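Should a chain be cited, it is by its letter among A, B, C, D and E, assigned in written order, with residues numbered from 1 in that chain.
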Amino acid sequence: MSIQPILIAAAALFSIGIYGILVRRNAVMVLLSIELILNSVNINFVAFNALLSDVMLNGQIFSIFIITVAAAEVGIGLAIVLMLFRNRETANINEFDLMKW
Amino acid sequence: MNSLSFLNNGLGLSIVVFFPLITAIIIFLIPKKQELLIKLVTLGSALFTFVVSLLVAIQFNFNDASTLQLGMKVSWISSINSNYEIGIDGISLPLLLLSTFISVLAIIYSFEHLPEPKNAKGMMSLILILETGMNGTFVALDLILFFVFFELVLLPMYFMIGIWGDKTIRSVAGLKNDIETRLYASIKFFVFTLFGSAFMLLGFLGLYFRGNRTFSIPELIELGTNGAFSGTFATLVFAVLFLGFAVKVPMWPLHTWLPDAHTAAPTVGSVLLAAILLKLGSYGFVRIALPILPDQAVTWAPAIAILSAIGIIYGSLACLAQTDLKRLIAFSSVGHMGFVMLGISSLTSIGINAAMIGMVAHGIITGLLFFVSGSMAHTYHTRDMGRLGGNMKLLPKTGAILAFTAMASLGLPGLAGFWGEFMALLGAYNPLPGLNVMIFRSSMVAGAVGTVLTAGYLLWMLQRVNLGEPKDEWLDQELHDADNYELVAWIPLVILTVLIGVFPKLIFGATNDAVIALVSKAFGG
Amino acid sequence: MAISSELIVVLTIIGAIILDILLPRRLKFIIALVSILGSLTAFLPIIFQFANYSSPEIMFEGSYVIDKFSLILKGLFILVTYLTFLLSVNFVESDEYYQGEYYFLLLCSLLGALVVTSSRDLLTMFIGIELASTPMFLLSGWKKGDQKSNEGSIKFFLLGVLSASLILYGFSLLYGVTGKLVFSEIANILIQQDLAQSPLALLSAILILAGIGFKISIVPFHSWAPDTYEGAPLPVTAYLSVSSKATGFVALIILLSKIFFDSGQGLGIVLVFISGITMFVGNLSALQQTNPVRLLAYSSIAQAGFILSPIAVANITGNFEDGVYASVTYLIIYAFMNIGAFLVINILQRSIDSEDMYDWGGLAKEMPLAGIFAVIFFFSLAGIPPLGGWFAKFVVFRSLLSTGEIFGLSLAIVGAVNAVIGLVYYSRISKIIWMDSPKEEIQSDEESFIPSPLKVVGFVSLVLTIVSGIFPGIFSNLGEASSIFFNS
Amino acid sequence: MVNIYLVNLFAEGQPEYTDGGVIAEFAWLIVILPFISALLITFFGKYLPLKGAEIALGTVLFIFIYSSTLLFQHATKGIANEFFINVGSIGTFDLEFGWVVDGLSIMMYFVVGTVASLVFIYATNYMKGEIRYTFFFTSLTLFAGSMLVLVSSPTLLQLLIGWELVGVCSYLLIGHYWEKKENSSAAMKAFITNKIADIGLMIGIIVLALSTKTMRISEILYQSTHDYSEIKTVAYLGGVLLFIGAMGKSAQFPLHVWLPDAMAGPTPVSALMHAATMVTAGVYLLGRMFPFYQGMASQALDVVLLFGVITLLGAGLVAVVQDDLKKVLAYSTVSQLGYMVTAMGSGAYTAGLFHLWTHAFFKALLFLGAGSVIHAVHTNNMSEMGGLRKEMPRTFTTFIIGTIALAGLPPLAGFFSKDEILASLNHEGHNFYFIVSVLGAFITAFYMTRAVLLTFYGEYRGHGHPHESDRMMTIPLITLSGFAIVAGWVNIPGVYTGFTKWVTTRKTAIVEYHPESFDLVAMFSGFTAGILGIGLAYYVYKFSGKAIEGDQKIKIKPIWKVLENKYYLDLFYFKFIVDPVKITIARLVDSFNTNLLDRFVNGVGVTASKAGGIVYNNLDQGGIDKALNLSSTGTDVIGSKVKLIQTGKTQQYIMYFLTGVVVISLIVLLVL
Amino acid sequence: METLDIISYFLLLVLLLSGIKVVTTSNVIHAAIFLVFTLATTAILFILLAAEFVALVLILVYIGAVIVLFLFGVMITRAPLGPNAELDNDKNKIFAALLSLSIFGIFTFILIQTFDSTVVISEGTSTKLLGEILLSRFVFPFELVSFVLLGALIGGITLARKDNALIDEDQI
């Protein structure tokens, strides 16, 4: 199995995630998009691990760490969104522009 | 070896430099209410510093004025090979004494004449910090040390102008809104000088890297006179050094901060600014720029001469258009410092000697002028010469001293101001061989014409301020003539003006050998 | 033990959690005490290790190294956190924040920063960075009721996560091409396979640079900084602008010098441009600010440009020793004066609660101490001798000019111009509080009272700022030591 | 530190001269004493019975006695000596002060001492009750000192110092009544005009000093008489430059304009400074440097001659139309100075100095007389005088003596000196100049007679009651008239030429024409011109009705107008030099400063700030907004519905971020 | 190996399509569900790549926990549950597409240039080995990451809970 399609797919997922971050208005949706990006990195690591036949399993371990950290990030993100929602009654990030100039 | 020899080895100079600073810190600890104590401590400190500087001068070996003496060298910032290297020679000694002396007078004057808002604690500590900066610059023999002291004067002066300065609101060309004079002036002063010195620092670093990684001025001079610095590099370095020093001098057209700063500054501020701070720039030229980069100095000399000549004429002409007394005196500084720079640009021992005595004389005379005009502004609450007049009648003592000082300032022979002007012209007539004689002689003629214009505006100023019948608005007012504090501050300057005027050896005796050594070393002339 | 300072911090973290659970509310100040003591205690092994230093200690198969570089920066982080704690004491108490959690999170961040200094592999560094920054996402939103704080927090968070993912992608590429995680091995393989200047290495470098650029807030990755700084609680902002930024710089220095040192001039040139633009954007934007915190935010952006510039030039010339020396020295001096600057704003805001600094006219007459602090710290930031900032700028100039490289020279000129621009706004606060007339009467003495923890912060920073200006040798020796040992 | 050392001047022969002994060695006393006195008067004068005048008097009397002793010594046994004090060195250049004791300086000491003593005595009375009485004496004493500094100077440097100091004293004294603006303006005018001339002097000194490597006059003269090449190249330039300086002090055309205005000062001042001493400084300078002119700069002497002649005629003509008695005398002084300069220019060293000598006495006499008149009638205008000979007989008599002396009738002083000048011109073959000078003599006689007639004859036209002045004023008048009579007898060709010996007794030998006997042509023409002048004036003003109408008879309108307006020189100066500089150029410079330089500086500041605004508002905070708006317009075009909602800031930041990444990647990967 | 290739291509296609759906669907719940699809596909891919343990973790942590968390988030913030046109920021779309495409382009360009070998699928990874490595070589980051989680947990709770809890804390 060629490595290229996997890597390209991961890059595509990365770009999709970026697109999502940029166009989504709802903060939760933005967080979803971020998960896509992190997932693409995971795919990269695992794929490279397989490609290199890394006996130290560095890639896999790295992706486990990434998953863990991502979970923590989601927790934090949701907490912040929740707090914002409580104060603003909305989760649309494009309405947060108090500190414009 | 005598009983004062413990002052050698840098101790005396270190005391002269740092004692005021230490006192300033002590003053921070004295409660604000103890005003008299603060003033006395300050005066005591300044006097002590002055006395020590005199003792140092006594220790100074005048027969060997061309070598750096009484100094020390200890490691300061080892990682960049910068040392606490100090010492004085005939060039720095007069300026050092001038600095300690003027500081004493400024403090005496401030005893009873604190500008609004009073706050003796602040003012006194600023003067002391300023003194450390000034003294330090004159003794520093390490570029970085020099730079630090050179910059140290900025903050106190900035606050002196900004806090105690003139509060009138004026419009400024190019700015939409009107602005308080002091605020405009203080930031302008600060930005201008910092602009110059920021680039100057780059120049110092350039020397450091080309010059075997040393910041020591004597070592760099040794290298520079042996032709270590040349080509584009030297041109660039000289350009930035020029920028740094010329702003401070100030040379035309970098002078525009000066009239504003002087006009806005409180009396003591303008005195110190005129008497000492301006000298830091010209001293920098003599101490650093010329000997380290002699070839560049030769290349740049005609330009400096032309700028100086422009400065002389320009400053005098601008004076003729002034209605503000202090502003007029400020512009006169541009002209006078033009003579100093003209002398320096000639690169001859005559010219540089002239510059040295010109600096001292300008310090004394213009300092005194600012003392007097500041005091008058304080008494009359105006500096508008259109409203003044008949000052001789209203305030005879002040008026007399103003007249005397104006005479001294216009370069009257027999008074201190004469030497700087005349000798500068003398030097400019025969510049260093190889320089374009025509440019220098034209500059000399321009300078000579400048002396006429100088006489013109000063006499005109006297006519408008001192002479004539007093205006009606002053007649029913109680105006206070110079009190004892003022006289104590002023009279010594008057005496010095005469002494140096009659017996210039007071200055030349110290500077001449050093200048000759400098010139022969750097330019072989 | 080599990592005893980390362990002490860990213990303090655990202690803080336990105390937070156990203590009733009125006794919660004990947590603050414990945290402060803990951070101070963590400083002791650093001193000890530094004094008895013989050679770098390498742990975990080369992924964790304790050398002078890391020791010095660890000391810096601990000291800065200690000062931040002191800054926070009154703040947290007065505003009824969650003390236990607050100190806990700050300590976590400290732990992360400590790890970053020693980390020499991708994973450890990534975890370190995350550990250092995730608590800050939360802390920046700590003023829960304040919408600005909320907003700052979400912006910070979103950009932070994005930057983390960029770093990760970059790491994954590095891993993919070398199969290693430890920096030295990666570098070896890159050089062996002649990949150091390959597009892939460059891409990963750029992605990492962007990710870390976010943390050190260089243009164009800086845009979150002003908003977040403005919204976050003041001590947190101080911490962000000092410690968090320093963490980013440490990571950048390590990565650039350990992995990408042979990646060609292109990267360095980009960095040169970035640092120049950063100075300009930061300074010019700061000119426009009326909100003091925003002003400091932009100022810290500009300072980041200064700190970055020696590394940038080092990347071109390959002479990392000079660059690291300059940057580290700058970082150390900058840390204290910037904390001091935030302290000043903190004190003044206590007196007149306004976000427009022009409302603070004449405050210094009521609070001369604060006035003096303002003068010292802000002019130090501006780089006026004899305050510490001048030496920071000086070493940067020195390293820029050391090679005579045209990029270094131009950057030095840009820096000089920016030093002048910076002066204008740095002097503004001093001008306002010393020279302007008061807008309203300042009523009572109570408000001009400065709590003693703040005074301690003030005096510590003041002494360090002035000492570093007058005897810069001390700090520059640290910088020198760090650069030498770092490269060996 | 101070090393006074004696220079033996007569290394090369001429052993009959002595070094003057103790009396020469202590000559510095008369230079220093006035300064000390001036200080004493300033600080203690007010508390003394005579308000300080006694100190001043004592001082000048001392000078008089000392200088008389010197003169006596000198007359018996020539003294020529100089002393130096080093006051510092610049480079290899020594700055020296000192004093000269030789014929020329002793003559000047004596003139100063004598005239000053008499004027001081006169002034104690004349100034009584005037404002700033004490200060007046301070300045006057100071002046005496400065003048002595000038004439005693062995170096060009000290000469310059004295030169300027007398200028300042002149400024102080002309502006004595500074409450009125005219007076202070006149003082300023005097000072500035002199200062302009001093440019010449200063540069001249610089040129000479640098080419001879010394400031010592004797050394310069030595070099110029021994064919040193360095000085030779600059001799013409130096000579002219020095003469420009002399033109200022000695009021030569066209720099004479200050002197008539200087009459704003009190009359004793005019007598002492603006007639006898200060204004002769220029002539003294020419005299002092005469060997240089002769040896090297003889072409410069032609210039000197030309200006001298122009001055003597031009000023004389203007004197004719003046109504102000003092102005008549002032222009007369200018004219006489013209004579002295002419003499110098023609190479007649002794003649010039001789005229200086005699002129000092009779012109001082005339001024004091005029002062006496003015004191009595409280006006300067002759149109408000008349018929005063009865009321003021002593003043009248002395004035007449002065007039005759000035008109050059024998055997009074002016005759001999003027005759020697004419003789010299004749001898040198300057025929045209000779004729002009004779014409000048005629005019001199004419206007002086006119002045006498208008003042002392006819009906009294003024108000108030004139009376003779008291003794303190008349004694000086009488004494001076004595001098006016006898002063000329010290140099009668063929009879007694002591004066020539006096003034030629100096280190460097003077090569000049000494008339051994009367030059008959010169004597005859001078005498005739005098007589004719007197006669014509007498005819015009006396024999045809009222004297005051005399002016109408000789009034040739256009010429008269030109003369009344003093050749429009003042107008020219003010309109084309002073005003443009003071008003137009100065304001231009000032506005250049505030509007251009400051605007530039502020503009840089504002631009930086604006740039900050642009960077901050557009790039930092809204750059992507713009891009977005652009792209949304794009979408608008293709029909998508667009709501003009505010962009989400956070996403904008992210865009920023990513755009940065993309751009940097592209740059690094593609460009670099 | 051909079947494996086909399967993997198919998997990647599903991955991408569901990924695109996550960011384009106008229904919030759908988006979350498509994310589940994406993650599930990723997990299968991981299994194909012999990273079973990672796949498991992914399923457990993500699908088990994170998605639930997301759904909570969606509900608590009352995001519009049905199809909603206002979910997107139309203004950004073009620029966003441009940016993401260019990033994709750059990445792909370089990836293709650098990596062109094939993956050798091994027999699978020993979870025991992985655990050993994790707890020896990577024990330090492993411990540290716990602090990340702990911090996120405690901080998240503190931020997310209602403010009045603070005021009433003593009474509780």
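We take it that a contact is a pair of C-beta atoms (placed from the backbone, for glycine too) under 8 Å apart; a residue touches a chain by one contact, two chains touch by 3 or more.
Source: prediction; values computed, not measured.
The set of chains in contact with subunit B as well as subunit C comprises D. Shared contact partners of subunit D and subunit E comprise A, C. Two chains share more touching C-beta pairs than any other pair, namely A-E. Ranked by how far their CA centres sit from the centre of subunit E, the chains are topped by D. Subunit B has its Cα centroid 65 Å from the Cα centroid of subunit A.
Subunit D has its Cα centroid 73 Å from the Cα centroid of subunit C.
Our note on geometry: subunit A versus subunit E, Cα centroid distance of 6 Å, whole angstroms. Per-chain CA centroids place subunit A at a distance of 26 Å from subunit C. Looking at subunit A, residues 14, 17-18, 21-23, 25, 27, 47, 51, 61, 65, 69, 72-73, 76, 79-81, 83, 93-94, 96-97, 99 sit in touch with two or more other chains.
Residue positions of subunit E touching 2 or more other chains, listed in rising order: 89-90, 92-93, 95-96, 99, 103, 106-107, 110-111, 115, 137-138, 141, 145, 148, 151-152, 155-156, 159. Residue positions 605, 616-617, 645, 647-651, 654-655, 658-659, 661, 665, 669 of subunit D are each in touch with at least two other chains. Under the touch rule stated earlier, the contacting chain pairs are A-C, A-D, A-E, B-C, B-D, C-D, C-E, D-E.
Subunit E makes touch with subunit D in their complex at residues 89-96, 99, 102-103, 106, 110. On the subunit D side of its complex with subunit E, the touching residues are 624, 627-628, 631-632, 634-635, 640-643, 645, 647-648, 651, 655, 658-659, 661-662, 665-666, 669. For subunit A in complex with subunit E, the touching residues are 1-9, 11-20, 22-29, 31-33, 35-36, 39, 42-43, 46-47, 49-51, 53, 56-57, 60-61, 63-65, 67-76, 78-83, 85-86, 91, 94. The touching residues of subunit A, counted against subunit D in their complex, run 18, 21-23, 25, 92-97, 99-101. Subunit C makes touch with subunit D in their complex at residues 154-155, 158-159, 162-163, 166, 199, 202-203, 206-207, 209-210, 213-214, 219-221, 223-224, 227, 264-267, 269-270, 274, 280-281, 283-288, 421, 424.
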